[in-house]
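Shown below is the structure under consideration.
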Amino acid sequence: MGQWLLRATARDLCALVIPGPDVAAAYGLELGAAGLRLAATPRHANVLLIVGELPAALADAALVSYAQMMRPRGCLLLGETAPAGLPIGAQAGLSQSGLLNGLGQLRAWFCRHGYQQQVETFCAPLLMPDSASDGEGDDAGESDGRHQPDHGEGDNGRHGSHGSHGSHGSHGSHGSHGSHGSHENHENHENHENHENHEGHEGHEGHEGHEGHEGHGGMSFMSMVNVTKDLPRSPDGLPMDWIEVPFGPLFPGLPGGLSLTLTLDGDSVAGVKAETIPAACLRPPEGGFASGDLLRAVSALDPLTPVSYRLLALRALAALGATVPMPSARRCVALLERERVASHLGWLALLGCQTGFGWLQQRARQLQLACLRGAATDLRVLDKALARLERQVRRNRLLRARLSGLGVMAQQASLRGPVARACAMPIDARTQDPAYGELAFEPLCREGADAWQRLCLRLDELRQSVALVAATRSQEHSDANPFPPGTPSEAYAGEATAVVETPRGEARLHLTASGGRVTAVKLQPPSRALLGQLPHLLRQQELGDALTCVCSLDLSPWGSAS
Amino acid sequence: MNPELLLALLTGAALFGVGLYGVLSQTNLVMLMMGIELILAGALVNLVAFWRFLHAESYAGQMFVLIVMTVMALEMAVGFAVATARFRTRGSVEMEEARELKG
Amino acid sequence: MQTFFIGFFGLAAVVFAVGVFRTSSMMRSALALLFSQTALGALFLAMQAEFLGVLQIMMMATEMSIMAIFMVMFMMDPGGLGGMDMSHQKRLSLLAGLGGVVLVTGIAAYTQWEGLASATEAAAADEQIRQLGRELLGRSMLVFETAGITILTAMIAATAVAVKVPEQGGSHES
Amino acid sequence: MSALQQYLVLFALLIGAIGLTLSLYAFARALGRTREEAGKNVPATSGRLSVEPAWVRYHAHYLGYALLFLAFDMEMAYMYPWAVVFKEEGLVALLDMGVFLAILFLGLLYGWSQGALRRH
Amino acid sequence: MNAVLLGLGLLAGIYAVALLEDRLTRGSFAPAAPLLAGIALLARESVVARKPDRLLFETAPVLLLSAGLLAAAVLPLSPTLVLVDLASGALFVNAALAYVLVALLMAGWGPDGAYAMVAGWRFLGQVIAYSMLIVMPITAVAIRAESLLTTVIVVSQEGWWNIFYQPLGFVLFYIASLAVCFLPPFDRPIAAGELAAGVEAEYTGARLAVLRLGRMVLVVSLAAATTVFYLGGWQGPWLPPWAWGATKVLAVAASMLLAGYYLPRLREEQLLAWCWKLGIPLALLNIFVVGVMVLAGL
């Protein structure tokens, strides 16, 4: 019976992808074809799929998510290094065949380990402070549906403000509050003169302010007027409690790795905090980067657009005076444009996921993967498919109604990339590139600056990019690595800057070098200016609209703060 | 004596009692309205019981039930509207405080 | 059988009603009221008032859910995390409540209901709805139209009181 | 089937649904119990441990709609009995309900004009 | 006997719906997938989030399932295949559906999780708009049938199905039923992209299985309601009545799922405004038009 069940479980794998399905797709992984379902939350997943190397922030998220998954659960690592403390069920290479192979291993692993009696309890140091505040596993057990009434008495002083004790109140075990100092008020309460005394409980305001959410602290009777007096008011004049809710780093509707913390007033956004993944790897080691290391570090910076970043590093090194293994100018155009097509399609898939547009999500993902497979797809076929997709999307009245008027950007000098071009600002680093000049490249622009115009602009650019690739008539590589082999020479010094128009806008790399070693690296990634715009852009938007806004900007969380 | 009728009337009486307790004991406008809802619910039970066990042929009884239901809904609509307005201006819907602020 | 179910749902309604004031969680309180009303609907069904029963079950579900919105919006501690008590003059209220129950029960018990009854067999359920419809369009037409006017008044009152936002520092927008 | 028997069947269906659920739970429980682990029971918020309790005074931005609904919904109570006898009563029924609905619609229009029909 | 047949029919319907939904979300077809998913859920652990309102948390899945089942109980598959032919059947469907809202509200509040709570409240907003569009078109159907009995409603459509007699009512009812069973484009309470599964987010293992089962039952029930009220129920040539009934229910369910696949989710603002400013006046107009048509003897 157990074996039979496990075999059934092993055939139904539901994965939570870290850093996110967008990154997996950028690596060319077809998750659906491998039989995986995607989970929106770790609660519903039984496979934690780790794609590539995780930066520290995401490694923590992986641990937390793993802890929140239900047993039987397994972890599949595609890549080399696993986050510390995570039990790995299966490991394989970072490719489609690796994925299939790894899933096979994982299924076998499930059948072997699924219902083992002696399993170790998973625990990471990161989870501990929290578990202490909630009492050891008080609710996890299905033991009898009631909490032990006496748990955590010793922690009162520290955790009272969480209201963790209050939760017992709702289970009828009122007795457990006896020890709580402020509880006396209860008993006196029948006598309603006490009401006028509520100012006497000022002492509690302290522990209230500590949480910032007055609603929770109250063990004593407090005047509602006092509580609401200082609360911020919503536009309709009601003083409500606001909560901070994390969206990300593993939120399905946002680029994987981007962490938004939204302050929600009901379902309106009252405040935004955005965190990205710090590019720790760009800090030069003792004595500076060797050029090969720099090349590796920069191109691994953003898994969404590895080609652009590699090209950026190559150009920067070339500008320093190094001899670099650079592909021909035409070939560079082809590579960049192909990546732009794939990236825009990946963005469309994310938009589809965010707006619940199933068809768009799947179609765009298919085309993205086809585009990434390179030689396997004929350009004309791709162009035709894109034309169809474009027609369908543009014709969709509901999508238009959803996106129109959302996230209108003001023209600003700091804007770059498609967002700027949708604001009628023809800013494009490609115009300075002579190779593009030969192909008579003109940047496309649109007016309106809302999410719908950004969508339209990206659709236009998709077609334009396919046309550019076709115009270069460069030989398609079936090779995984389209760049010529070899490492740059080590003879250079001085300072230089290189610019590449990545799919999200212009990325600028500034290198300082001496004696053939790069001693300082300064990267200006394309999404930085936009991150600063978020609080203004999302203010008082409805939650769904706010997330669509963020999605429409196509932020990349990678390497944003160096 | 018809036991069904008595049972229904007892239910109505109990609901009325609970509602009355709520109206008198709650300090809060919203909770107070729940008490009123319960009192009206008690009335509903009695009306239906009277219709069923006394005058099953007269549909004015059922009509009366519809009217009471309407009253329940409207009481809520207006009550909550008042609560919203009060909350917006005073930051509270406590009845005690309402008195306090007035005096 | 009918007696049993009348008693059962009556008891359920009362138990839920008591629950309304016995919990510190606003959500529980609102839902207890909801299920109290649902039990009443079932009680109506047991009393063969089918249309009224189903109507009660339907109407109260949405109306009491809306009540939950306002409970959660305006009460200090909607989760009941603090176990706060928000009542006053408890003993007095309890006495008044009990007094009310005793009084009403007394009246119910000592009235000679048999003398008041005229017909005690309920018509078939679909016939009832039809009869109610005829009543609505016949004798009770004015009552019905008055109900309409009342609803209109309530709508206007609710809108006027609750929706208009007092201007404050020009910060209000849609 | 008499009306009371019909209600009994519906009630039995309700009990049956509860029974089905309980038996599914019992089956799942028989397969093994949940292991208590740190962090497992914290509400999932996309890869971060959520600290704050979510039970707050939630701002329902559609409260204008909710208030109108409370009143407007009552029309249903009258419409069903009316609909059933519509054919036999004829024009009277149409006019009666026409007036009633016109009155209600007026209320809706008033709410609309005052901005109750929008997010606040 | 009838009950068993209806139960089997319902099971088949649920399986078909689950299959199609799996096909749409994953993009590949696997006939055993829903079964495996169900087994996997039952075989998995089930956890209650810390500090929950346990009573509400546990009741919600049962209530959702019961609401769906009760709605289905009064809808006929053929003249004889109906569990309970209730005299106010059409109203009873509404009453049962109202508890979907209550169930989701409970599921949202119960676990004390932010995503779930926002999702629960949003669904309330959605339902108080769209439940009107369920109720009002049914009134127009009842006008024509002169009864609330679901079987009589089907018979009243002899020759001229309601979808042709009152197309406006059909469209409104269809859209509203999408909203009530929170299928896309109205799936805001369980949207992955907006709230990471929202109401379902804290449900795991067997509890999630029951919650999802409840939703499937709901979809089938609403498809059956659409069939009974607008598509002439079991009526049709050549095939036996039950076959027609089943075919129509499945077709409607499939169309409901497919509609969401090709449409993006609505914005809350538009969702509410369109319903109140467009849907309700149209529903009233529909009632009036049907009334006039009935009086004119059409």
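So that you can tell them apart, the chains are marked A, B, C, D and E in the order they are listed, and the count of residues begins at 1 in each.
Simple rule for what comes next: contacts are C-beta pairs under 8 Å (C-beta built on N, C-alpha and C of every residue); 3 or more make two chains touch, one makes a residue touch a chain.
On a predicted model such as this, the values are computed, not experimentally measured, just so you know.
Trainee: What is the graph distance from chain B to chain E, where chains are linked when they touch?
Mentor: The distance in steps between these two chains is 2.
Trainee: Give the fewest steps needed to get from chain A to chain E, where each step moves from one chain to a chain it touches.
Mentor: 1
Trainee: Compute the centre of every chain as the mean of its C-alpha atoms, then state which one is farthest from the centre of chain B.
Mentor: So the farthest one, by centre of C-alpha atoms, is A.
Trainee: What pair of chains is linked by the largest number of C-beta pairs in contact?
Mentor: B-C
Trainee: Between chain A and chain B, what distance separates the C-alpha centroids? Give it in angstrom.
Mentor: Centres of chain A and chain B (C-alpha means) sit 51 Å apart.
Trainee: With centres defined as the mean C-alpha position, give me the chain C-chain E separation in Å.
Mentor: 27
Trainee: Could you tell me the distance, in whole angstrom, between the mean C-alpha positions of chain A and chain D?
Mentor: 35
Trainee: Please report how many Å separate the Cα centroid of chain B from that of chain D, as a whole number.
Mentor: Going by mean C-alpha positions, chain B sits 21 Å from chain D.
Trainee: Could you pull out the residues of chain A that touch at least 2 other chains?
Mentor: Residue numbers touching two or more other chains: 5, 41, 43, 70-71, 134, 139-140, 142, 163, 167, 170, 192, 195, 215-216, 224, 227, 235-238, 240, 243, 245, 251-252, 266-267, 542.
Trainee: When you check chain C against every other chain, which residues touch at least two of them?
Mentor: 2, 25, 28, 48, 50-51, 55, 58-59, 62-63, 66, 69-70, 73-76, 78-79, 81, 86, 88-90, 124-126, 128-129, 132, 134-136, 144, 147, 151, 154-155, 158-159, 162, 165-166, 174
Trainee: Please output the residue numbers of chain D that touch at least 2 other chains, ranges allowed.
Mentor: If we look for residues of chain D contacting two or more partner chains, we find 3, 29, 31-32, 34-35, 40-42, 44-46, 50, 52-61, 63, 66-74, 76-78, 80, 83-86, 93, 108, 118-120.
Trainee: For the complex, which residues does chain E have touching chain C?
Mentor: Contact set of chain E toward chain C: 51, 53, 55-56, 86-88, 91-92, 94-95, 98-99, 101-102, 105-106, 109, 112, 121, 124, 127-128, 131, 147-149.
Trainee: Please name which positions on chain E make contact with chain A in the complex.
Mentor: Interface residues on chain E, with respect to chain A: 22, 24-28, 30, 32-33, 36-37, 39-40, 43-54, 58, 112, 114-115, 118, 121-122, 184-185, 187-188, 191-197, 200-205, 208, 260-270.
Trainee: Show which residues of chain C lie in contact with chain B when the two form their complex.
Mentor: Listed in rising order, the residues are 2-3, 6-7, 10-11, 13-14, 17-18, 20-21, 29-30, 33, 36-37, 40, 43-44, 47-49, 51-52, 55-56, 59, 63, 66-67, 70-71, 73-75, 86-90, 92-94, 96-98, 100-101, 104-105, 108-109, 113-114, 116-123, 128, 131-132, 134-136, 139-140, 143-144, 147, 150-151, 154-155, 157-159, 161-162, 165-166.
Trainee: State the interface residues of chain E toward chain D in the complex, per the touch definition above.
Mentor: These residues of chain E touch chain D: 42-51, 61-62, 65-66, 69-70, 73, 83-88, 90-91, 109, 111-118, 121, 124-125, 128-129, 132, 135-136, 139-140, 142-143, 146-148, 196, 201-202, 205-207, 209-210, 268-269, 272-273, 276-277, 280-281, 284, 287-288, 291-292, 294-295.
Trainee: Could you please specify the touching residues of chain B with respect to chain C in the complex?
Mentor: Interface residues on the chain B side: 1-31, 33-35, 37-38, 41, 44-45, 48-49, 51-60, 62-63, 65-67, 69-70, 72-74, 76-78, 80-85, 87-89, 93, 96.
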